[in-house]
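Structure record follows, encoded as structure tokens.
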């Protein structure tokens, strides 16, 4: 059911990513101070915002999981965190390149957004190990949801607090993101926002579809008697869709 | 009155079914013996009845309360005596029981009364880790009975008890207690003597469900095969 | 039989916890020794005989945080290994009372550690006198301890029934504790400044209090889900 509309969504996503890249390279003006390097901004900032949005969305999905006990919500939350982690690595790399170009260092501590982002990534890096350390899939799902909600709430709070810290009350190096950009840059930025969001959603749907098909295949195999009912299941950090709510 | 009513109660661990569609009713005051080899689902059944595990499918009523919706109402009315004593080793028998008395909102005098009943007063103030397993089991019996439960869930209650100790706890948790009981046992001969109803489990499925008189020695052997 | 009052359940649980610690002394001496050893390590690692300002504040708080991690890992150990969870779950007592009892237990541990660690720090490393910083420091300690206790009680429960709890406990709690560290270290630094002691940035303390409150609510809302089986 996740496959529905996937083809048209993919086409739109590919088109919008291509359009964005074209706009970034050929239409957006070069920045007065940073020149060409500034264009990494159109990748870095939307990527960061979408990553964080994905983490928060995963927290909301986890709330739905704890409320309904439907393992599909856990799967959705898992895939969202998984994807955002991958996007997040992209954020750290592009941020690092930017920092190197703008300030001459691969890492800067006086940029609160970057520092907050690192903290968030450090926290989410424990998500998979946590899942892997719990064998019973139902408890794994429940604990993962508790984590996803706590961490999801941590994301905005953490950004707020790091910004309030004494080291950062002085003027910021990288101020404001979309507020005072000149016209064309702003248009390209919003375009990049849209295409990055679409990319995240498309990849999420792809992974959900794949997981769903795999689960159905397993169930069919079992019905055909290929797999022994009592075969010890492989220990895994990924949620399974076959327990609890799926029957009945 | 019906103490237990199960219809198609199912519990899974991941993809393994620990309890498959168990259906039975047990009138109040009677004893249900649960037999079967290790891994048959006996302990899972007890934990489901004790509100510690929620069933994945089926209808379940304990003492007239549907589970898991009314777990809170059932908790003060059941006593679970499991493999583990559920007591802190570093605390004394008295300290452990006083803690549980407060958890259940029971008056503290009852702790002393129960300790006297199981003949443990003399050693009630030593840390549990210094007591033999048999003595700890007696403390666990006290813990189970503190709040005067209507339903006893017993998982091999005599496992660590010598004959003298068995005699001491018999009026408390045995048939003579007059309470509704679910008795998990590895000693079928003994269990059959006490039971009004026998449930034989094999890999979570019901292999036998009838009065004990209907189960001959060969049937028992079959269950443990 | 009626549901027991939450306050009496919390008191009973806390009493049992403290009795367990006072009888075995499994955690406290280790935490005391750890914090003094950490100060010695910082002395050699930084090659400084005395510290003040930011550095002093950072060394003290990082040490306290790591000492707290030691006990967060063990907070639910007796419950998980000796059936305390089941015993509690079988009672009609309110689930939240266990969380409150654990938060209070952690607060007790932290206060006990600080009773030794703060004077030891003043003796071994702190340049300005402790006396002038003390009144402000007590307030910062109280708010900081509350944050550590709330997060520790939640994360401890999350990690205890996993296979790699010794690793997961610190990995989960440290990132969550960074905002606490940031606030307490920032608030303590001016107290340890020999030049103008006394002025704590109030903004940081208010932020910290809010952080404590938010995570207190989150812990309270999610704790039940960690107890079920």
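So that you can tell them apart, the chains are marked A, B and C in the order they are listed, and the count of residues begins at 1 in each.
By our rule, contacts are C-beta pairs under 8 Å (C-beta built on N, C-alpha and C of every residue); 3 or more make two chains touch, one makes a residue touch a chain.
All values derive from a computational prediction rather than experimental measurement.
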item	value
Greatest separation from subunit A - chain, by CA centre	B
Winner on C-beta contact pairs when B-C is weighed against A-B	B-C
Chain nearest the global centroid, as defined over all protein CA atoms shown	C
Subunit A and subunit C, separation of their C-alpha mean positions in angstrom	31
Separation of subunit B from subunit C, taking each centre as the mean of its C-alpha atoms, in whole Å	39
Distance from subunit B to subunit A - Cα centre to Cα centre, in angstrom	48
Of all residues in subunit C, the ones touching two or more other chains	228-229
Of all residues in subunit A, the ones touching two or more other chains	135
Residue ranges of subunit B in contact with subunit C within the complex	47, 50-54, 72, 75-78, 80, 82, 84-91, 95, 98-100, 102-106, 127, 143, 147-148
Subunit A residues touching subunit C - in the complex, by the definition given at the top	66, 119-120, 122-123, 125-126, 129-130, 133-135, 139, 142-143, 145-147, 149-150, 153-154, 157-158, 160-162, 164-166
In the complex with subunit A, residue positions of subunit C that touch it	154, 158-159, 161-165, 167-168, 171-172, 174-176, 178-179, 182-183, 186, 189, 201, 203-204, 207, 211, 214-215, 218, 222, 225-226, 228-229
Complex interface listing, subunit A residues touching subunit B	135-138, 229-230, 233, 240, 242-244, 247-248
Subunit B - residues contacting subunit A, complex	12-17, 56-57, 203
